[in-house]
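The two complexes that follow have chain A in common; it is paired with chain B in the first and with chain C in the second.
Our next item is the complex of A and B:
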């Protein structure tokens, strides 16, 4: 087991390096850097001034070299202008270059300085990740049990009325992207003018002019309540519920046709017990991988939903970083995403072994 | 409480009367079983025999009322202890299933829940049906596991099914069926997926348990020999109907239905001489359920068919007077001369055996496997083939016999170049090919060594027409100058395997199993193969077709002077067609010699056991029962010394004692080039008696 995990971690590291290099290369393309020069310097800079700025701020030279600096395996750049002032990657203007470390990159814990938030990337990303973590946790808590339940329920009697109803629901929910379902949910539950909120207010179930749920999740950054958190969670979960339910159903219908299910039935086991005791564990093996694959997918959904509900988490940050050309922040975001994807896959492979007694990983 | 408590034991346990079952598809109703009647008395074992698709499994599942959504009982009744099963509701059925009627299945691995411990699956039965406490149920499970003669029951009940061998799994399935001491046991091909020596053990167990618990049995099999071993009565089915039923010995000795007779004539019997009793295949094909002929279903394939009589009306069962409940569904059974010998078959000259074509010397194939759950762990060496040496000559049939895991398939892979040998040499003609994988072999070598595969259903590309597949092989072998050439050759190949030329445009799904295997043979011979490895070429086919395909292989061999390496576990067929036999066990060749040498004493102890394990459908044959203890050891962890020593019954006769545990025996050369890898002295070997004896008439 130890060896397997080590080997997988090694592969993970290589994948992470390759992927971050791709992101680094794309974010550091010359037009991007020119844009950066104009936002940092002045919009009315001449072409030459832009080139000078790029050179003086360490954005020239080979991509590999700059990537190495970002990683912290190549010494940080320094530039001394004609006035004798020295600037560099590893120290702020005015500090003494001699006291600064030679290397400052990811490995040294220096993720760079966010040009948009105007503070170190690590600080801004940390709190955003925590916020997104809560969101994902809530989504998983809603999504996994619901979808497994629906999937098993529809898969245990293939072709029955229950199966058809639930399948229709799953297909509909998984065919609706978050930006559609989010808007629909807001219209239904979170406006005082339309949907069910005015009706509820009329019956006196909620206060007048209030809504059932809150359309903005900004307040959930400080204090998570059912009221402000339900809609973003539902928006993300709806999509996943349909998807995982479909997978579970497929797996369940297949298991129900297996010979050992016939064996159990012909032992005189009641149908309920057949499903709960004989089919369930076998049917969960396939969806497990899918559920683990949902984690990286959640990161994706989070981008849309956080923007939609103005919840300042990881996805929101990613959008801000991208639209403001905040290269260090963008790089850090992609790093986090890569690690999350690879880690969940590792966990899913290990969990698989415990779920399925027949599996031996090699 | 229920009628079953007041049931009179002198009445039949199961009485099926005029049962008809149909499956309903969107297109039509497909009758699977028509007018089927049979009676099973208390303590009696009833054998249901027939080829695949004849409806025997449908009958078994109908008794369990497990016909799926599409199947329905359309007529007749099934009385179990006087109560009609067809009328029961789900709740009543649930109480009968598992407690009164239990079933044993064909594939033990698939019938056990992979994610539940064996003990839990066993204990479930008494907990359900007699409300036993969990601890008591587990204790009972442990006891029954010991009853089915599994070693170390405590370990077994705590393991998962995949941790057990096939034979052990089947014993667990049997144990599960016995947990509630049922009155009727349905066995659906219980040993088909198992090796012969394991099968012998299971059959013994089933017979003993039947006697011990007084259980009645419905035993479904396609193997007539097995039915003779186990059953008191037999019912032969053909195309959804019972065609003959009666006492086993009476049906075997005095068959009164042409199909039963044809079936017996198409299987090789190890007791009979192959020239005096040639195999005769049944002409034609099994009719599809919706294409059954009018009148007698067997009519179109029957030698005694009479126009205007057999194809006029439905044929009823008629009683054969004088015999014990012996019935036949034949209009002409009184007119047919049943003792007439089968039509003489032309005796074909055996092809002359020529030069050495293939020579293997000291061939070894080892695999490295790792054992840990996440890879890593201790890496072990599996010795799949160990010092394999032999020669095969032109025009010769060399049979390679052994049970699963003996290394016969590995050997075929190495020869074909799908794997490369660890050491040793393979000389094909004068070329050394042992370390050349198939990708690097030149086209000539590839076309000269070809293979006929076991399962014709999976080895043809389902989306390519038959002709196209053969032409594809010709293209790969660079045959012919133009497409027209290849097309012509393809048609000739179809002629060679006795398929109509019109089949060139058919898709594999439109072909029957036997026809598919013929296409497989045509493909193998496309490049004028000199050496053909036939890996169990007929074991997936029905008995009536087996004979035809076997004969075809022999005919082609005779014409092309091909060397045939015939891999099989079926000793009857091996004896019928091979010139020389090589017996393998755990990667070792334990015995090699001409067919007569191997099938007569002195035997290697393993060959002896193998021979005695083959069920023979002949009441005149007496055979010694030698049931081997335990399973074949794993090749990952072979026993020290002689590979067979853990199961050998002659071990005590070896001097000095303990030699078998320490040393791999040397190969003894007996007269006539007969080789035996055994420590037994020649004197002891000479005392061996033949396993199969034909009783004096």
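Our next item is the complex of A and C:
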């Protein structure tokens, strides 16, 4: 077991390094750096000025060397101009270069300075991650119980009308990407022009010109309410519900054909008791893995939903970082994403072994 | 000219029926759920004395749900059919008028279904699809959009790019001033005053041009790499699996933001990727022919020669845009999108193929082939691959849907496609800025995309069901 985890951790580290290098390489391609120079410097810079800017700000030299600087295994760059002023990676302009540390990268805990937020990456990303954390938590609280409930309900009598209805619903929900369900939900619940809000206003259940839910989640950054948070959470959850429900259904139908279920039924145990006591626990092992592996998908959903509902969390930050070519921020974002993906894979593997005693890891 | 209503004259009688049916359906479903949870849903079984028990409350609710569903469906179909016989769109309503505009699609659909059901016993897995209701519904939806894409020019009422300034964000059914062209914007106008209906129809063409082709390429790459990885195992498997997991660990959107930008196009990375990915179909086909016919050199040379001739010709045009005859070519931004989608999809295919091969290679017929002295590639391509076709066909359908979603995502973030392209993703992106006030420009493509992906998923489900019966 220990050896398995260690090996997996080793592969994880290798994957993380390879992935961050790919991101680093792609963001540091010459055209991207030129774009960065023009946004940071001025739009009307000449070709030569752009090249000078790139050189003076430590973006020249080999990609591997610069990646090493970001990691903190290669000394940070310094540049001394004609006037004798020195600037470098590890100290601000005006500070003494002699006192600054030689290495400043990931290993030293320095994530760099975000050119988009104009503050250190750690500070800006921290609060955004907290915001997304709340969103994820709410999604999980809605998605997991709903999908397990639906999956068990449709899996306990395979082929029944309930099963077919719920399966169709599951397929429909997996066929609806977030940007579609978000648009449909907003049109249904959050516009004063269409959907059910005008109807409710007519009946006097809500104030006129108000909507049942809010189509923007910006206010949820400070204060989460049902009114402003329901739609983003629903939008992300809906896509996952169908998938987890289908996996739960598959697992449940398999359990229901087992010998011990038949034995229990023939002993005269009521159907409900068979489902609750005998089948349920065995049927929930497989969905556990699926739920864990759903996290990377949630990450995708988060990016779309946060852009759609203007909720300034991790996904929104990723979009801003990518469209503004904010290299340190984008690298930090991809680190977070990669760690989330790899960690959930590891947890799902280990958790599966704990839950299912029939599997042993070499 | 008048504003069109949704349901026209037929709606005045049928709309209350529809409302009643929908309310009844909702109530019946709720009742069914409560009865199931309360345990009042036992199946009808003969009792000890042989007499069947009466229907349980759960059964009753189920029957009520079924009939109210049929009633609602019938009402909708009547509204659509009534539209077809009404003399003008004013009486037909928006739904009826749209049903009329889609006439080539209906004809083609009827022809397809009549012919397929007539000859279904001779058509293998495709014919068996018509034994499953779910599969048929899925197939009908998918074919609906395919025919829409083919006949888009006849269905669209206006040019998808032409703007009429007076109709910005106008509601569905608005009359076009001076009665230019068709006379109405059936699904309203978007933020630039373009016809939402025509853009949706033309969007089907944009989406269906890329998604299936990209999925096919991803399958070629995934199969060509997955077969040896699963069959030989060892170092080769470790290396390719690591690379595949690497791509899979990337959040898709981050990858798109890195790979689909105008700056990337300047560096030539898409061309390198295209050169890498587009060579796989040629390798695949050449090995396919060579492994089968290497004992019969003239035939082998003929097949491999034809493959190489056409393959390399297309390859030079698609990847490098250097086709001497100028038939094969791809716009740079289209190539960028295409390559990225193939790149994202292939590792998933690779994993599935690898898993299937590892499962199948333990079978007796593989051992028999090995004993006969067949080469490894013959066994992989002509023994294992045909026996893995069931799951692969199912995955192909699901993956086209997934690719459609990915393309929509690209459009939604405004990546890669030209800004006024009518594809569904970018139309949703255009519409979402004014979603609170005017939801209709975003809603039409959103529902279109959803129905296409739903159709593909249902089709895959039906195929899975039927292929398991073998």
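FYI, the second predicted complex is superposed on the first by the 355 of 362 C-alpha atoms of A that agree within 3 Å, B and C clash if a C-alpha of one lies under 4 Å from a C-alpha of the other, contacts with A are read in each partner's own complex, and residues count from 1 in each chain.
Going forward, a residue touches a chain if its C-beta (ideal position, glycine included) is under 8 Å from a C-beta of that chain, and two chains touch if they have at least 3 such contacts.
If you're wondering where the values come from, they're calculated on a predicted model, not measured in any experiment.
With chain A as the common reference for superposition, the partners chain B and chain C occupy clashing space.
In the superposed model, A:356 makes contact with chain B only, not with chain C. By the touch criterion stated above, A:118 is placed in contact with neither chain B nor chain C. In the superposed model, A:278 lies in contact with chain B only, and not with chain C. With both structures placed on the common chain, the touch criterion links A:3 to chain B but leaves chain C unconnected.
After superposition on the shared chain, chain A has more residues touched by C, the comparison being chain B against chain C. In the superposed pair of complexes, A:83 makes contact with neither chain B nor chain C.
Judged by the touch definition given at the top, the superposed model places A:35 against chain C, while chain B stays out of reach.
Superposed model on chain A: among 9-17, 315-323 or 459-467, the stretch of chain B in collision with chain C is 459-467, the rest showing no clash.
On chain A, the patch touched by chain B and the patch touched by chain C overlap at residues 270.
Chain A meets chain B in the complex at residues 1-5, 7, 258-260, 262-270, 277-278, 281-282, 350, 353, 356-358, 360-362. Residues 29, 32, 36, 39, 41-43, 62, 65-66, 134, 242, 245-246, 249-254, 257-259, 261, 263-264, 266-267, 269, 401, 405, 408-409, 412-413, 425, 428, 431-432, 435-440, 442-443, 446-447, 449-450, 453-454, 456-458, 461 of chain C are the ones touching chain A in the complex.
For chain B in complex with chain A, the touching residues are 64, 66, 94-99, 102-103, 105, 107, 110-116, 124-125, 128-129, 160, 162, 173, 176, 370, 372-376. Remark: chain A residues 11, 14-15, 18-19, 22-23, 26-27, 29-32, 35, 153, 157, 160-162, 165, 168, 171-172, 174-177, 179-180, 183-184, 186-187, 190-195, 215, 270-272, 296, 299-300, 303-304, 307-308, 318-319, 322-323, 330, 333-334, 337-338, 341-342 touch chain C in the complex.
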